[in-house]
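Take a look at the structures listed below.
Both complexes shown next keep chain A, but they swap its partner, so chain B is in the first and chain C is in the second.
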Partner chain A sequence: MKQTLRQSMSWLHTWGGLWFTWILFAIFLTGTLGVFDDPISHWMREQGKIGEIAPSTVDQRSRAVELGQRHLAAVSPRADFWSIGLPGDENPNIRVFWRADEDAPFKQAQLDPLTGAELQPGASRETEGGHHFVHMHFEFHAGMAGIWIVGAATMAMLVALVSGIIVHKKIFADFFTFRPGKGQRSWLDGHNALGVLTLPFLFVISYTGLTIFWATYMPAGVLARYDGSEDAFFARLSEEPAPRPLQHIDALMPELAPLMRRGEAAIGREASFVVVEHAGDRSAAVRVFGRFDPDAENDRLVGRGSGSALYDAITLETLDVQLPNTVRGGSVLQTQRTMNALHFVRFGGYPMKWLYFICGMAASAMLATGAILFMVKRRKKSANEFGAATARVYRGIEVLNVAAIAGLILACAAYFWINRLLPLDVAERGTREILLFFAVWLASLAHAALRPSLAAWREQLAACALLCLGLPLLNLATTGDWLVAALARGDGETAGVELSAIGFGLIFLAMLRQLRRRAPTLTVDRPETAKTAAIDAIGGR
Partner chain B sequence: MSVPSPAHLRLALGSRVLAAVGGGYALASVFSIWLSYLLPAELPEAVLGATLFSFAVYTAAVIWAFAAASAARAWLGLLLPGAAMGLMAAALQLGGAAA
Partner chain C sequence: MDPHFALYLVFFVCYAGLLALSLAMDRHHSQIRHGKPAPLLRRALRLAGWSLLALALWLCSLAWGWAIGPVAWFGLLSTAALGFVFLLPYAPRFAAWLAVVGPLLALPPFFL
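So, the complex of A and B:
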């Protein structure tokens, strides 16, 4: 490779960018939606209609712990993990989670807060809500494999950022350059302006995304330097008691309700969760978690803990108490936690969330324009990179562009519709919603593969616009709740979701108009010409 | 600008990709171990701090692998600092064990 630095970096940016752009677009788009996971869950669970849930008394919480413990002892007396979620602002029911051993999947049930009876499917709109987007964002619902795919793509993002900067001679000038209606040049200007505008955000969000999973992605340091046990290493790092090894000796579990009261007194805060590790074993420990205080979140990046108390379940001895809003661990751990907080936007309240949302959408658009630019450039003049297979590879890239960009947006919009249209009483409803989300995405890929590119772009964008603009009507038709009612009762979360959907719908309509203006005749004679016309239209010329 | 067609050019490109992905990761790993001996912090924190920096090293290594004049130089530029840091870390480990 006899090349200048800029040439080799341009090559790296083009090809490294292309092969990762579809995964990265999915990570950025779902992560951006995930900024508002709580409002999305609020909309999906119809919490606006339920209204405020009255604060509970200590007796009510004790009773809930009793009922939760009774259920768990019946379904899984010996368990790696029990968790009892107490009724709170977001959910009036008792939620129990458990898993039999470390390798078993988590199971869950919701219990009536007064009788402890298990609530049957259909009693409420069971959904993963906004968590679906968060899980898509960091693991594609694929567990460890997904985490590694996201990590590799994020490294590619950092490399694309650095190589992109080297390629650009005049970053500052590019920022003010936009030449619309000039085809390839406009796509490049758009890609550059969006990239430069969000550059600090892109670096911060990519780097802090990697350091959340530092010990997973880069375990060499820990593996080379831990002495004795890894658990002890991490316990020393976070200055917390190390997890206790299973003893395999049966033991009777104590009443958890009195421990909850002790925990509340020790941390000076209402309990939100009571968790048992190694239930039914001599090594069992009970942890009482304090309720999260959203107001503590706005003015600081770390040290906003809700407090917790840890007890030996057999001797009832206090093992550890961490007070709310206190910090543990040294300055390096605080640095890492600060980086996490920057990634999760756990600071600054709604204004900061909106800033992240706008930056995330701009970043997604930057990735999309990059992917489209790649094809626009080559439609004008094939670079013939793949020899005889070039035309076929280009077609494949076109199809993936449509499915990965328009198709994913469509699947995300469809997820809201699925939530309202799927019957309430189907089993595993939350999981089914997510399966249907993937089904829509897959259908968009099939559609993109069967239709000429321009038609595929146009039809999928039209479907996106339809789903977004129709969302408030769908909500009115299926639940009787709607935008005006939400605004009238001051329910900003429900109204925010629907107003944002309308906003996105209008953006997709504007894109469609642009497409129509640039490609007035789609009924072209030969397929080859149709394809060229299609890509030219996507490219603007 | 494109995937080169002659066989030896393809091989050189494959070698660079391997240097970037595998060599870069190995270099970042060795770097995190090496730096953990030098950072002025207690053991668990020093490891965490060193690891936080290692992603920047990985990024730089990938850029280097494609910026180097040849695939051989790309490998050399990763292996030399990697070996130096590895040896230093080994010496520090032995010195620490002896003390």
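So, the complex of A and C:
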């Protein structure tokens, strides 16, 4: 059968789009929420209540490093990795992380900044906070497998963008066109407008998303030239000392606090982390990281580093100093870093973050309308693509649509509730929160599979609206902190989270109203037609 | 220029530019006013539209510099277009007036 280019592209856009749209919606929605990972963490950890944390002095930081080192030396004297996170705006405690050897899992603890005593679970609201959304966004909490899934979906996104542009018949004539209340026509208009109007964002975010993991997605060069050692490759590329292999000779670790002070002097910034590689071994090295300064050189796209200094832990010799806001690795790496910066919105502060957030939400809506449009089109007239199984496949797609769109939104909203409702003293609280997030998502899938489509959409959207609108009340009930208090103390992060939740809640209410108005009342005598009409009305009529 | 003020101002410059460009099209002209635009008016609207978008780019460069300015411009163009396109069918006249009302609302802070 001979097809025109537009017909074959249309096929590609429809099917290539459909099978990836559920994954892509999850990537876009969580990535968009991840733009505000810090404010979300701030809300989840109740940092608004702590108030302003006074800047720390050199002595306080030295003391924190001492306490951290004492703890690490006690729990894991010989370790592949130690890290001491110094108290700062985001956490007033000392955080220590360690890993006994390369294959062992990371462990962590929080210490009291004055006494160094380990804080027991329940002392604070332990949570992954907004990082959960970021990890969902690029790996679904599935490590390397997740990174590859996200990569494949992103390639599909780029294919769908190009094929979508070819399929779109009148990009310029329809540029400003949205005709509501016309069923399938409106869904197509909406899908087109959302896609076309955010096209620069869509291309940039998808392409830069892929180039972040270029070394993972295209490893052949590194594998061939550097014996498969990415570390060696990057050390060479960024003119850093080569990674030092373990020597398996015990060595006494020096005091880290003086090294921290040397590091601070070398890079001209406060330290934020002190990291030791191969602790207790002759090959041990200490790296002091500077604190990120969000206001320094905010008008630059690339190279906004915090600086770091690297020392031989045994000889105390300086191995490397990288000053803040410098880039190494030549123009290729600079180009790649520029793309990273574009992807992570590491510039321009809140105004830029909001623009990314709005465009990201529009992109998520574009994906959702595309998936819904697929079914709206086929509810009207089955295309019979799957022969006898068509009805069953359609039902499956419908269920996945509900669970992947409304269900994921519900799970994200529920994550905020879980954070407030899960008791403080459960073990592995942060992980537990994420497991419960997935449990809610799975429950939404079960619910979608058990209920008729229209009811499933309506009930899940109603639940989303309820969770979003109730969030400020929940916060008031569980922590005693609330929106007005947050606004009064100028805590824009807490207030922003709750005001956004209210905004989203109102949007879901409007959707529900739309659903109800469009859905004709179910009549008793002809339930079947009324039902199909009602289901059809999800697309509006 | 303060970036928050720039965000507000450039949004409405983009909005006005897009409004002018849409008024140059028959379909949207009849939505907001009546009938089709006269050829001369059409040309003037196109010129005004593209000039406003160019002005917006220049304002972005003033507020954010040339490294980030264009990124801000694309973002504001997208958000202004989304606002306009999804407001237009529901309240066409208000959508048009917003191009005037919006910037005026930015004035009070200057007199406080």
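We adopt the following convention: the second predicted complex is superposed on the first by the 516 of 541 C-alpha atoms of A that agree within 3 Å, B and C clash if a C-alpha of one lies under 4 Å from a C-alpha of the other, contacts with A are read in each partner's own complex, and residues count from 1 in each chain.
Note that in this section a residue touches a chain if its C-beta (ideal position, glycine included) is under 8 Å from a C-beta of that chain, and two chains touch if they have at least 3 such contacts.
Note that this is a predicted model, so its numbers are computed, not measured.
Asks: Which partner does A:A74 contact after superposing on A: first (chain B), second (chain C), both, neither?
Replies: Neither partner.
Asks: After the superposition on A, what does A:N384 contact: first (chain B), second (chain C), both or neither?
Replies: First partner only.
Asks: Applying the document's definition of touch, where does A:S8 land relative to chain B and chain C: first, second, both, or neither?
Replies: first
Asks: With the two structures laid over each other on chain A, which partner does A:P351 touch: chain B (first), chain C (second), both, or neither?
Replies: After superposing on A, A:P351 lies in contact with chain C but is clear of chain B.
Asks: Of the two partners chain B and chain C, which one touches more residues belonging to chain A?
Replies: B
Asks: For A:A54, using the defined touch cut-off, is the partner it touches chain B, chain C, both, or neither? Pick first, second, both or neither.
Replies: Touch status of A:A54: no partner.
Asks: Can A:G330 be said to touch chain B (first), chain C (second), both, or neither?
Replies: After superposition on chain A, A:G330 lies in contact with chain B alone.
Asks: For A:M144, select first, second, both or neither according to whether it touches chain B, chain C, the two together, or no partner.
Replies: neither
Asks: Intersection of chain A residues contacting chain B with those contacting chain C?
Replies: Common interface on chain A, chain B vs chain C: nothing in common.
Asks: Where on chain A is chain C touching in the complex?
Replies: Touching chain C from chain A are residues 173, 175-180, 193-194, 197-198, 200-201, 299-301, 342, 347-349, 351-352, 354-356, 358-359, 362.
Asks: Would you tell me which residues of chain C are touching chain A in their complex?
Replies: 3-4, 6-7, 18, 21-22, 25, 27-28, 64-65, 67-68, 71-72, 74-79, 81-82, 84-86, 88-90
Asks: Can you name the residues of chain B that touch chain A in the complex?
Replies: My answer: residues 1-3, 5, 12, 28-30, 32-33, 36, 39, 41-52, 54-56, 58-60, 62-63, 66-67, 69-70, 89.
Asks: Can you list the chain A residues touching chain B in their complex?
Replies: Of all residues in chain A, those touching chain B are 1, 5, 7-12, 14, 155, 158-159, 162-163, 166, 207, 210-211, 214-215, 217-218, 220-222, 224-227, 233-234, 236-237, 329-333, 335-336, 339, 383-387.
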